[in-house]
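As written, the chains take the letters A, B and C, and residue 1 is the first residue of each chain.
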Amino acid sequence: MANPAEGQSTVGAAASGDRSVAALAALVGATLEVPDGFDTSTTVESLETVERAGNRSLTFVGAAKYARLLERSPALAAVVSADVPLTEAARARAILRVKSADHAMIAILERFAAPELLPEPGIDPSARIHPTAVIAPGARIGPCVTVGAGASIGARTALLDGVAVYQGARIGEDCVLHAHVVVRERCVIGNRVILASGVAIGTDGFGYRPSPDGRGIAKVPHIGNVLIEDDVEIGANSCVDRGKFGATRIGAGTKIDNLCQIGHNVRIGAHCVLAGQVGVAGSSVLEDYVVVGGQAGIAGHITIGRGARIGAQSGVAKSLAPGAEVLGSPAVDAREFRRFFAAQKSGRG
Amino acid sequence: MANPAEGQSTVGAAASGDRSVAALAALVGATLEVPDGFDTSTTVESLETVERAGNRSLTFVGAAKYARLLERSPALAAVVSADVPLTEAARARAILRVKSADHAMIAILERFAAPELLPEPGIDPSARIHPTAVIAPGARIGPCVTVGAGASIGARTALLDGVAVYQGARIGEDCVLHAHVVVRERCVIGNRVILASGVAIGTDGFGYRPSPDGRGIAKVPHIGNVLIEDDVEIGANSCVDRGKFGATRIGAGTKIDNLCQIGHNVRIGAHCVLAGQVGVAGSSVLEDYVVVGGQAGIAGHITIGRGARIGAQSGVAKSLAPGAEVLGSPAVDAREFRRFFAAQKSGRG
Amino acid sequence: MANPAEGQSTVGAAASGDRSVAALAALVGATLEVPDGFDTSTTVESLETVERAGNRSLTFVGAAKYARLLERSPALAAVVSADVPLTEAARARAILRVKSADHAMIAILERFAAPELLPEPGIDPSARIHPTAVIAPGARIGPCVTVGAGASIGARTALLDGVAVYQGARIGEDCVLHAHVVVRERCVIGNRVILASGVAIGTDGFGYRPSPDGRGIAKVPHIGNVLIEDDVEIGANSCVDRGKFGATRIGAGTKIDNLCQIGHNVRIGAHCVLAGQVGVAGSSVLEDYVVVGGQAGIAGHITIGRGARIGAQSGVAKSLAPGAEVLGSPAVDAREFRRFFAAQKSGRG
């Protein structure tokens, strides 16, 4: 073949509900406007952006600039936000009027989502479960998984291929740990937690002291653990180090993207959002609702106040007040940063 | 032992062709000049830099500064670019004159390369292949590999230890997926693709919306997939998120280094080069032949024009024209950046 | 459950020595001062920070600001540095006076550390050991491990779940390779090396040349290897690329944190410390005792002199003299950087 075909990419692997135009309109509480003769029982075959929609696609229009693209699109149907005006050309298809196309998108995505294909409930014969480990009913233990001495796995939790749960770790209910996740000894994970492939929970913290002979450095033992609260999601190949003593903690509902590094004894509050490749050094505190942009770094032993927002690639070396917005490395108030940068560009720096 | 010996490091594990000085000269079309009495049938035992070459080593000289080092080197032979002048002392060994020492190096490296030692063709007894999966003849399926329902593996493709191919994924021909690579459901990979160990293809994108209760955030389903075209190579522990709908796409021939993060619905063109630890946020487009330096970040929903070059650690927040060259965070035209920085250093900023 | 309880997090899984107040004082050579009636045979149940200590906890006070917190703490005992003055309220518990609370902490952490629970000596039945591989007595080979042709594993070394050792690799004695570590062909690892989960050793370097047809890029074979000397520790999901020819080398005692990228043919000296998410591009040299802050980047083909210190998020594009201290991207002398940034903030930039 030349290069892989893209056509089937958005078709869910299995139907999970009625996907007719009429049914989708009902699903999101839309007002449905259709051209003369349009059959509202027609099935939507894919979801697509306006630019890429085909004649069996449903698309989404949340802003006026996309409405113009809709005029030339073959899309079968469009979910359009209430405040977006449409020309007659744009209305040459089914229009599902909703308050917010963005919000309606979630319900429609859920209808199109393939059922998550987890391992069957039960324990794959190739898994190694220590006799003292406890596996709750309905748990799904995939091939080559290991569960160490005294560890426990909650009801309906799925451990995919090769997941390694070390001694004494405790995983709650309804979690999904993707292939090759590692949960080190005595770490504790709540309910409905999703860990993407390759996530490392409970690695030794990065702590050293001068060695007794004065020539090198000696490892500081890390005897704490990691506590991950309910509804946390952590992206692929991210790492959370265990505490030196006490716990490194990730608060309920917090979402961490791929390739992030969370140092030992960090305490992240509830409902924080950390984008990809963020690093948080040891013992820092992020209060609730903090948002951190991609590749930003947060130094050790500081506190980021509730709801603070840290821009992408920023370097934060000092504590931030609640609600602060910062940019740059070293990070400064976002308005100051923009002013400074604008001045430099105009030659008045 | 004290510390590991280095001696044997460059010796290929098995001969893969004649490695005599004469044969290597012929291989790269070199003009061969040797001192009196030199035996051109002498075998080269290792390839080395000029500084580290021993008396059975062949080395490479592509610039005048290395020619001077050659004078004191015991190297048996040197491949030298046509435009590099040599003193008599430098010529006290076999000199293989070529147009470009750099280009000749590739053919010689290939002759010294150990044959890649992949698993035997066939399916290791510890692998788990779903009955509905299709494994083409000549595929090499290593230990503890899993291939899910409806997935397909192309001819001669090698899946090394513990590779996990989820349901409905399709891998082309002549690919090599190193240990612990994960390819999530319905992702599609072309031919001759190399994925280094720990690569995560098709992880859920990082998309959330305020939850209905207004207190937290809700996960946006990602029902798309990832399409990787022919001849792509992706480095260890890098991640490519699946599309929200539609595909995240990596174009033919593109090379991505270790620990890179490619967000959902990103579209990377053909023959791009992304160095280590680069991040590209969701829905951005890189046209063909874009080059991105290490640790650079590219914001979401922007377009990087064909052939643009982005310096290491840059932060690109706005679209770039074809051929643009930028540096800095936020990134600016490379010439402007260098001028600004020079002015700051001289105190005239 | 609501969210996981934290109470038991710092209790070691098994006693490894006397943990009474008297015994711990003796362990670190402390002068012990106790209130009237205090029973020095009381057992310490956990180690904690001053803020979080309970009435069976021992805590550590290395600076005056923590001494004030100690006044209101229920802590059973505190290890206090000699130069920290204490009020009477602070002395309402056992005080273990030492020269340095930080140094005493290490010995006490070691006494509280759970014995590391490695796989049993021997070879798990699910491991795949090539008939020509050599496994030394006392090695601990866990489930789903593979060891390739001609590879060797030293005495007492532990390979945890799913570790993949490719052909001809050599691992020394007393090493611990955590779950899913990959050591590629012909790489050599010394003694007492610790590799955290997901570490990739010996991945192909990122080297390409224009392809013969001029349209794309061709892979440069990497026929070298990686040499890791004794007592090195590398954090989770970090990557060390193999040399093009010759070796990529990590010197004795060097510590590398999580998610770092070490390019092909880099040579890192002894006793260096690289924090999380650092990147070092191909062929650069770090001499001994170099310290690199988190997320910093070091360009290719440069030399960082002995004992140089590179700040977090710095970008180093030029060689640095021994003992240099730099900050910023591009990096400049640390004093100059601080002066420049202070001037900008005051509007005199």
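Please note the rule applied: a contact is a pair of C-beta atoms (placed from the backbone, for glycine too) under 8 Å apart; a residue touches a chain by one contact, two chains touch by 3 or more.
Note that this is a predicted model, so its numbers are computed, not measured.
Because contacts link each chain to all the remaining chains, their graph is best described as complete. Judged by shared residue numbers over all numbers used at their interface, chain A and chain B contact each other through mostly different positions, with under half in common.
In this assembly, the C-alpha centroid of chain A lies 27 Å from the C-alpha centroid of chain B.
Residue positions of chain B with contacts to 2 or more other chains are 126, 144, 162, 180, 198, 237, 252, 259, 277, 295, 329, 349.
Of all residues in chain C, only 1-6, 9-10, 12-13, 46-49, 52, 102-103, 105-106, 109-110, 112-114, 117, 124, 126, 142-144, 160-162, 178-180, 194, 196-198, 231, 233, 235-237, 252-253, 255, 257-259, 270-271, 273, 275-277, 294-295, 312-313, 329, 341, 344-345, 349 touch chain A in the complex they form. Residue ranges on chain B touching chain A, taken from their complex, read 126, 128, 144, 146, 148-150, 162, 164, 166-168, 170, 172, 180, 182, 184-186, 188-191, 198, 200, 203-204, 206, 208-209, 215-225, 227-230, 237, 239, 241, 243-247, 249, 252, 259, 261, 263, 277, 279, 281, 295, 297, 299, 315, 317, 329-330, 332, 340, 349.
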